[in-house]
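Letters A, B and C name the chains as they come in the text, with residue numbers starting at 1 for each one.
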Amino acid sequence: MTSFSQIWTILKKDLILELRTREMLISMFLFVMLTMVIFNYSFSADRNDLTAFGGGLLWIAFIFTALLGLNRSFAHEKEGGCLDGLLLSPIDRSLIYTSKVLSNFIFLSIIQIITIPIFTIFFIRYNYFPMIVLFILGIFLGNLGIASIGTFVTTLAINTKRRDLLVPILGLPLMMPILWLAVTISGNIMAGPLGPNTLKEVVRAVQILALFDIVYFVASYGLYDFVIGE
Amino acid sequence: MSLKIGGFYFYLVTAFLLTVAGLIGTFFLTPLEVKQIGFSQKIFYFHVPMAATSAVAFGVTLLGSIAYLMKDSKNLYRKAIRLTKATAIATVIAFALRITFNVMGIEVLGGIDVRLILLIASISLITLVPVFWFFAFLTRENMDTWASVGAEIGLLFGSMLLVMGILWTRVTWTVWWTWDPRLTSYLLVMLLYSGYFVLRSSVDSAHQRARYSAALGIVSYIAVIFTMISTRVLRSAHPVIFTLSDPGVESSMLITFIVAMFAMIALFGAMIIVKVTINNLREQIEDMKDQLGG
Amino acid sequence: MEDIEIKVSGLKKDFGRRKVLKGIDFSLKKGGFLSVFGPNGAGKTTMVKILSTLEAPTKGDVTIAGIDLMADPIPIKKKIGLISHNPLLYGDLNAHENLRFYGVLYKVDDLESRIDELLDRVELSNRRYDYVRTFSQGMTQRLAIARALIHKPSILFLDEPHSGLDPHAVDILDGLLDDIRAEHTFVMVTHNLEKGLTLCSQAMILDGGKIVFFEEKKDIKRNKFEAIYKKSVKGEVV
């Protein structure tokens, strides 16, 4: 279908630009690393075991690095007025949304693929590898939710006076349910062997998280026409 | 343009009388609750109506926002089609997920009573349709005004609610604050709608401001609804006084509760009338200034 | 009745309390060339932005090629091209990639040969694999012209296209405009009286968000036109 090729074109353009400049990925990666060092100083001066808080800390690092990335995600479009170029093109504006969600999702996932192993080595004293599928599912759904609502909020913010300020102020409360569910999933899996009750809670959190992703994506997709452009 | 909206004094007096009646009922007519929490249970008669009123206020924001966007877009038909498509795809995905979970032998969202959701949905539909119909006769600018005023008053009621709740928590649970899901999600609501006003103050063009904040108003409401539902699914320690199936409620309790409910709604009515009138007058002053300035 | 390509009625645009356009009405025939003059802040750029679907009007209707601009923008977008002082190009993509990107979005048939043709025309064939970031301003602007023409638009909006161009680029642009002059409709915002008046079929002066002058080229009396133009440009200082 043609709309898929258009989504792919915009997405490919974003990926190529990022691979050439690497400004987003490098700063996001450094940010996560710095956050981990701060965790070390704040929580465990003498013993490097944060297993019990692993999920929470992990997502604190991810949510803020995601905000960092989101703030940059329209940087290429702003420079040289390229957003106008996109808006001039005869494409449905929701396609711009979809491709931006995908690119934000991909960048966040790349960062996580690199940093989750490091985080685990640094702080986690439990081998959660047997639950890796559920763990990855949780991360995947969390990313999708953050990318969906984050792209919406970022677009809302770029044409206002306080763009850098608005992304966290509007984005964080909207991402809060996603964060809460993602922490429930990752935290329980990282903290130790799952009992039947915890497993049930984790599975339920996965389901609700999937529901949130769908709701956020559909709502933002439908409303995107109104928030992009003047 | 009619600047004043009638009925302010009616709502104000009604609110006053009903509040007094509700307070009398709360302190002198209702029995002391003995099973769970004792005297502090009496907060319930005003606490819950306030919560409901703030929900109504945010509902006004939602409806104003939807009405605005509907009036704003000429190609609503296309958008409706697109949204339907997206929803259809989402539903298919949701069902696919459900089937996958079923095959894996995992129970899907067992805690939600579907009948309860249907009941709430139909009640809100019946109450909201007339309001929506009313909105359809407003001008575009007026819809935006209603939406923002709704959020403002919702925030006000929400703050009162939080303060009351904190006091109650201190008495009953001996701490000022607990991170109970319901408290947390209400705090989230307050933060969301505060952000709504930060957004409003960051956009200069009236049209753009209205459009952006309408979109945010809709997404926020959806976020709130789903947060509320999901906190119900995961356990909460927040007390539940009435349940739909509980026959053991004394009629004096129910009547006091309903009186307080109407008192708060009337108060809300008075507030929204005065705020909308102020906003309209402010608009008119600005227009006059423009005309004088040339 | 002749074909009306662009019809604007009661067009208003507010930014907050500032009224940028205060009711614009005009229509332009197919194949016409409208030159828009006026002081800075008169609303020229805003008008072009609204006509090219980039901004929504506060009030009023715009019909392009018989289609309501607000109701159904996608078919209109296929017909229009915009050359503005913003190049609308990605600095970290090369010339070919930029054109290719927009070409795919516009679903241009036989894209590669179209890109070759345009790069030839704007004399950038030898720089096709260089990043746009490394281009001079004139070269960027030439590529921007190619970008705007990639989908063979039948209506072109030009927002001060000559500003910032070196003489060579001006020649290329004028040559291109001459080539496609016949079957296209143009709206050009410019400060260049000579160019604007030579090319146009109609001329408009916009001042303070209103049309203060609008006439067919054959009816224009140069003295009267210049008097109005000078008056409105002077008003800018006050």
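The definition used in the following text is that a contact is a pair of C-beta atoms (placed from the backbone, for glycine too) under 8 Å apart; a residue touches a chain by one contact, two chains touch by 3 or more.
All figures in this text were calculated on a predicted structure; none of them were measured in a lab.
Trainee: Quick one: most central chain, C-alpha centroids?
Mentor: Centre-most chain by C-alpha means: A.
Trainee: Where centres are the averaged C-alpha coordinates, which chain has the largest centre distance to chain A?
Mentor: Of all the other chains, the one whose centre lies farthest from chain A is C.
Trainee: Highest contact-pair count belongs to which two chains?
Mentor: That would be the chain pair A-B.
Trainee: Give, as an integer number of Å, the spacing between the C-alpha centres of chain C and chain B.
Mentor: 47
Trainee: Express in whole angstrom the distance between the two chain centres, defined as the mean CA positions of chain A and chain C.
Mentor: 39
Trainee: Cα centroid separation between chain A and chain B, in whole Å?
Mentor: Centres of chain A and chain B (C-alpha means) sit 29 Å apart.
Trainee: Scan chain C for residues touching two or more other chains and write them down.
Mentor: 56
Trainee: Where in chain A do residues touch at least two different other chains?
Mentor: Within chain A, the residues that touch at least two other chains are 92, 230.
Trainee: Which residues of chain B are in contact with two or more other chains?
Mentor: Each of 73, 204-205 in chain B touches at least two other chains.
Trainee: Which of the residues in chain A end up touching chain C in this complex?
Mentor: Residue list for chain A touching chain C: 2, 5-6, 9-10, 13, 16-17, 20-21, 76, 79-82, 84-92, 229-230.
Trainee: If we count contacts the way the header does, which residues on chain A are in touch with chain B in the complex?
Mentor: These residues of chain A touch chain B: 92, 94, 149, 152, 156, 159-162, 165-166, 169-170, 172-174, 176-177, 180-181, 200-201, 203-205, 207-208, 210-212, 214-223, 225-227, 230.
Trainee: Within their complex, state which residues of chain C touch chain B.
Mentor: Per the stated touch rule, the residues are 14-17, 19, 56, 58, 68, 70-72.
Trainee: Quick one: which bits of chain B touch chain C in the complex? Just the residue numbers, please.
Mentor: 73-75, 78, 204-207, 286, 290
Trainee: In their complex, what parts of chain C are in touch with chain A?
Mentor: So the residues of chain C in touch with chain A come to 49, 52-56, 74-75, 77-78, 80, 82, 84, 86-93, 97, 101-102, 104-107, 147.
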